[in-house]
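These notes open a run of structures that come right after.
Shared between the two complexes below is chain A, which pairs with chain B and chain C, respectively.
Right, the complex of A and B next:
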C-alpha cells in the first residue's frame, strides 16, 4: 500500500515497528500529506535532530501511525546547515503547527510557509538567533541574566487582538489563584462569554531535552520521571522502552507485567482524582473531598508497594527495581475497598443534578477539531476519536489483556468525565486480571552498551494521552538526542477551541476536564 | 447528596473513624498536635500561604493539594492556601525556578506584605534537584528570593511538608 512513498524514498530502514523513509525536500510534504490524507494516519510527533557530526546535516522526523497497523512511518528530511529551512506541512496537517514552531525555536530551522512567525517556547527576553538544541550552542552569562530578569524584550511577542464593540480583554496568570501550574491566559470576552482565548505557556520550560543529553542514558530515567509529576511512571516507562530498544534488549515477562500493572495504577489514581477535581470546578465540595480521599488511599498503596507515592524509582533500564507481586494481597484488598468507595462517589456525583448540569454541553471539543489538532488521550476519545496507544501499538502485556478503548461522541466536559470513569473501571479489572497469573523471569535483564548512532521510539498511554520518547545515541553511545512528546503538548492548542462560546467562570471547569500538564508541555 | 447531608447531621456526634488502611504514625501525629499552639503564638491563629509554582513538575503541587484533603486536613490548624499573595504570611515555592518564572516569582514575593516568610518546598526548590545544571533554571529559590525554610524531598510527602512548617514555626517561637 505504501509503494508510492516507498518508491520515492531515497533510503529506507526498518527496525521493529519503525519504518524510516528518507525523502528529498520536494517529496517531504507530499509524503506526509499522503499518509495523513489518504491513509488517515495520525501525526504522532515531529522533531528535529542535530546530526551534523554524522553527515553535516540536521534531520527532520515526522512520525505517523496508520490506524489498524502496529507500525510507525517516519518520514525523514535531511536539512543542510547552509540553508536551514524546510517546507512547512502545517497548512495541510494542522497538528504540525506547534512542532514546527518548536523546531524553529530549538534548532533555528525555519518552516517555510508556516502561518505563525512568532516564537513558541522562548519568552521576550531570550535572545534572537539562539537555539539551545544545536550542538554548538551556548548562552552568555549576560544573556542568561537578562533572560531571568524578563524585562529586556528582545523579541516582542504579539498577542492576537480581537476588535469589536463590547470586546474586552482579561489577562490571567502566570501565577493563578489555586495551587496549579503557571501559564498566562488572555481572554477576549463579550460580556461573560469567551470569544477568544490565547494561552501563553512555557513558563516552566526547564531545558529538559538538552538536559537529557548532558546527563546520559542511565541518569535519564530519573529525569523522565520528573517531567510531569502525575505521569511519572508512564514517562519513565516510555523512556526506558526507547533506550532498551536502542540497546537491543528485551525485558522479562515479569518486568513487563509489573510495568503494565503500574501504568494502570497510575491511570487509576489520576482518573479518580481528576473526577473529584472537576467537582472543585463547580464548587461541589463533597464530591471533591470524596475523590481526594480515594486518590489518597491509592497513593498510599503506591507508597507501600513501590516506596514512592508517585511510583518513582521503579523503572530502571532493563526492567523494574522491585518485586511488586509480593504485595498481591495488599493490592487486592485496597483495590476492592477503592472500588467500593469509587462506586459510591460516582453515584453521588451522577446523582447531583446541579453538578452534572454544569458539565453537560460545557467546553465542547468537536471531533473534527480534535482530529485536525492531533488531540490525544481522554480528550480525543471523549470527542469520538478512537485512539489508544495501548490498543493501536500494543506493548508490554497489553496484547494479552482484553479491553476496548472507550469513546463518546459529544466532546463536552461530561463526556471527558465519563471516559475517565469508564477507564478507571477498566483499569481496575485489568489490575485484577494481571494479578491472576504468575510471571516468569528476573526483575531486570543485563544492560548492554548502546551502539553508535542507534535510535528507537518508546511510547506509553499516560492518564492524559500518549507519550513518546525518541532517543538517538552518538559515537560513544551517549545521548545525541532525546525527544520527548508529552500528551499535553498536543492537547493545549485544543483548549481555546473548547472554551470558545463558554462563559469565563466555566473556564476552570473546562481546564480541569482536560487536566493538562504545563510542565510536560513546556519541558 | 441530600441523603449524604442528612446522614451527616444524624450521625454528627459519632466519631468518624479514620479510613481503613491509612497510615499516619503516632510520632507524626503527636508532632502535629502542638502545631496549633505554635500557630496561635506566632500568627494569632492563622498561617496563610501563597503557593507559587516556579517550574515544578507538578508533583510538589499535588502534595500541597493533598494537605487540604480530608486525611491531612491542614485547615483545621488554621493553615490555608490563599488565592492572592496580598493575603499571605508566607510564600511556598516549588520547582527549580525556571528562568521564565523568575520575574513572576519576584513579583509575587514583593506583593506579599512584610514580614513575609519564604518556604522552598522540594529538592528542586532547594538546589535545582534533577534539573541542576540545565540552562533554563536558576538552581534553587534562594538564588531569586531569600529563603527562610527548606523542605527537601522529591516530592516531600504531605507529612514532610507539615513537619517543615512546624520547624519553621519552632524557629520563630524561639525568636519571640
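Right, the complex of A and C next:
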C-alpha cells in the first residue's frame, strides 16, 4: 500500500513508530493527499524547522497517523533558503490551514496556493518580514519598542466582512467582563442569530517555542508545564516522552504507572470542572457550585500527593520526582468520595430538564467539519470521530488498561458534556485499576546526553485532546527546535462552524462546551 | 407620617437584594457575601469617579436621575405599611406600571447611546421582554382591580378578602412571572453573569460607572422591592394598616417585613431551582403567563369571586 510513497521518497528513516519520508517538492502535496484521502490518515501536526546549520535548508514536516495504527508517517520537504516557498496542502487538507499560516509567520516560508494570505499569529504592530523562529532573527530597537506598545499598525489585519440587509457586527473582547484570557470575536449577526464568527486570537503569544530553544532540555519540562495551566501534566508528559525518546532511554514501570495515573487525575478534575462550568453557561448555579466543589476536592488531593494543585513539578526527564503510590489509601478514599459526589452531581444535572434542554441541539459540530478541520479530543469524539491518542498510539501503561474511547454522533453541546461524563467515569475506573498492582523500578532512570541532530515525537491525550511535542537537538545536544501543538490550536477553528445558526446569547455555552485554552493556543 | 412611608423602600431595598443574594448563595452551597453588601457597594460606587464615553449625549447623563426619580415616584404611590398612602388619590396601579415603563424607556435609550454592541443588545432584548411582560402584568392586576372596583392600589389592598379564589391564584401565578421578568432574574435574565453576550438588564448598564451606576443599581433594588410590595398589596394584603394608629402601623411594619422576607426566599428558590431559558423561548414562558392572566380575568367574569 505504502510502496508508492516509499518509492517516491528520496530518503526514508524509521525510528520506533515514526517513519520519516523525505520527498521532492513536486511529490509533497501528492504524498500528503495520498495519506489523507487513501489511507484516511489524520493530519496530527505540521511545522517547519530551521535546519540550515545541517544541510543549508529549512524543512517542513507534516505528521500523519491512521487511527488504530500506532505509526506516524512524517512527510518531510526540504525548502531552500533561496526560494522560501512550499506547495500549500490546505485546499485538499483543510486541517493544514492554520499550520501553514503559522509557518509563514514564524519562518517566512510561503505556502503557495493558500487561500488566506493574512497573518495568523502576529498582530498589527509586529513588523512585516520578521520571522522569529529563524535562527538569525533579530528585531531593531525601534521595532521592538513599537511592538511592545502595540500601537503602530504595520500590517493591518482585515476581518472578513459579511454584507447584506440586516447584518450587523458585534465585536467582543479581547477584554472581557469575566476573568478570562484575551480573545477577540467578531460576530456577524442577523437579529440574534449568528451568521458568521471570526475569532482573532494570539493576543498572549509568548514565543514559547523560541524560548524552548534558549533553555536546555531538562529545564524545558518546567516551561512545558506552563503552556496551559489545566493541562500542565499532559504537556510535560508529552514533552518528557519526546526528550526521553530522543535520548534513547526507557522509563521504569513505576514511573510509567505514576504518569498514567496522574494523566487520568488531570482528565478527571478537568472533566468534572468542565461539566460544572457548562452549568454556568445556562445560569444553573447549583450544578456549577457542585462541579466546583468536586473539582476542588480532587485538586486538593493533587496537592497532597504531588505538592501542586496543577500537578506541576512531578515530571522530570527520566521519570517522576515523587512516589505517589505511598498515598494509595488517600487516593482511594478521595476517589471513592469523588465518585459518589460526581454521580450525585450527574443525577442532578441530567435530572434538570431545563438545563439539558438548553444543551441539546445547541452548537452542533458536524462529523464532516470535525474530520476536515482535524478537530481533536472531546469535541471530535462528540461528533463521532473515534480518535483517542491513548488508544491510537498506546504509550505509558495504556496498552495494559481496558477502556474504549466513547463517541457520540450528534456533536452538540449535550454530546460534549456526555463524552466528558463517560470519560470521567472511565478515568475513575482506570485509577482504581492502576492502584491494584505494584510496580517495579526506580522513580527515575539515568539521563543520557542527547546525540546530535536526534529528533523524536512525544504525545499525550490532554483533557481537551491530543498534544504533540516534536524535539530536535543541535550538534551539542541542546534544543534546535521544539514544536508543540496543543489541542486548542486544532479546535479553535471549529468553534465558528459550531456556532453558525445559533443565537448570540448561546455563544458562551457553545464556547464552554469546547473549553479551549487561549494560552495553550497562543503559546 | 404616612407620607413618608416610601422612605422604607429607599432604605430597605438594598437589604432585600443582599438577602436574596445570601439566600441564593446558601441554597447553592456557598457562604456568600453578607446581607449588607449592597449598601457597601452603593457607598463604594458613590465615592468613585465616573468614566463617561465621549460619544454619549445628554440622555446618558440624565437617565440615572430619571430612572431613580421615576422609581421613587412609584414608591410614593404604592401603599407600603398603611393604605392611607402618600398620594392616595392619584395612587393608581396603571400609573405605577407606566412609571416603571418610563424608567425602562430611558434605560434602553441610554443603552443605545454609547453605541456599544452590548448596550444595544441589552436594550433590544429588554424591549422584547417588556412588550411581553407589560400587558401580562396589567391583566393580572386587573382581576384584582375589577373585584375591588378600583385601580387604586390602596383600595385594592383594602377590599381584598383573605380567601383565595381561582381567579386570584391564576392572577398571582402570572404576576410572579412578571416580577421575575421585571427584576431580571432567572429564568428570564441572569443577574450574576459576567457573560456580556447573554445579558439583558446588565447589558444596558455596562457603560455606567461610579455615581451613575450607583443610582441605576439602587433604582433597580427599589423597583424589585416595589414589585414585591405590589404583590403583597394586591394578593396578600393581610395585616396592612388602614387606620393610622401608631401601634397598628408598627405591627403592620413587622408584618410587611415578614412578607418581604418570604418574597425574597421565593425569589432565591426560583433562581436556584431554575435554569435560564434560551432567549427565544422566553415568549413561551411569558405568553403562557399572559394566558394565565387572561384566564384569571375570564374566570372572574364567569364565576365571580
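What we mean here is this: the second predicted complex is superposed on the first by the 523 of 523 C-alpha atoms of A that agree within 3 Å, B and C clash if a C-alpha of one lies under 4 Å from a C-alpha of the other, contacts with A are read in each partner's own complex, and residues count from 1 in each chain.
Throughout what follows, contacts are C-beta pairs under 8 Å (C-beta built on N, C-alpha and C of every residue); 3 or more make two chains touch, one makes a residue touch a chain.
Computed from a predicted model, the values in this text were never measured in an experiment.
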Regarding the shared-chain residue A:503, is it in contact with chain B (first), chain C (second), both, or neither? second
Item to complete: For A:192, decide between first (touching chain B), second (touching chain C), both and neither.
Response: second
Touching partner for A:352 - first (chain B), second (chain C), both, neither = both
Larger residue footprint on chain A, choosing between chain B and chain C, goes to B
**Request:** Please indicate which partner A:372 is in contact with in the superposed arrangement: first for chain B, second for chain C, both, or neither.
**Result:** neither
Next on the checklist: Looking at A:144, would you say it contacts chain B, chain C, both, or neither? Reply first, second, both or neither.
Outcome noted: first
**Prompt:** Of the partners chain B and chain C, which touch A:300 in the superposed model: first, second, both, neither?
**Reply:** first
In the superposed arrangement, which partner chain does A:286 touch: chain B (first), chain C (second), both, or neither? both
Query: Where does A:177 make contact in the superposed view: on chain B (first), on chain C (second), on both, or on neither?
result: both
Both partners, chain B and chain C, contact chain A at residues 177-179, 286, 289, 293, 352
As the complex stands, chain A meets chain B at residues 122-123, 132, 139, 144, 147-151, 174-175, 177-182, 202-208, 210-211, 214-215, 222-223, 226-230, 232, 286, 289, 292-293, 295-297, 299-301, 303-304, 309-310, 312, 333-334, 337, 348, 351-352, 517-519, 522
In the complex, chain A touches chain C at residues 169-172, 176-179, 192, 279, 281-286, 288-290, 293, 352, 354-355, 358, 362, 503-508
Listed in rising order, the residues of chain B that touch chain A in the complex are 1, 4, 19-23, 51-66, 68-71, 81, 83-85, 95-96, 98-104, 108, 129-131, 133-138, 144, 154-155, 157
Chain C contacts chain A in the complex at 24, 27-30, 117, 121, 186-187, 190, 192-198, 206, 271-280
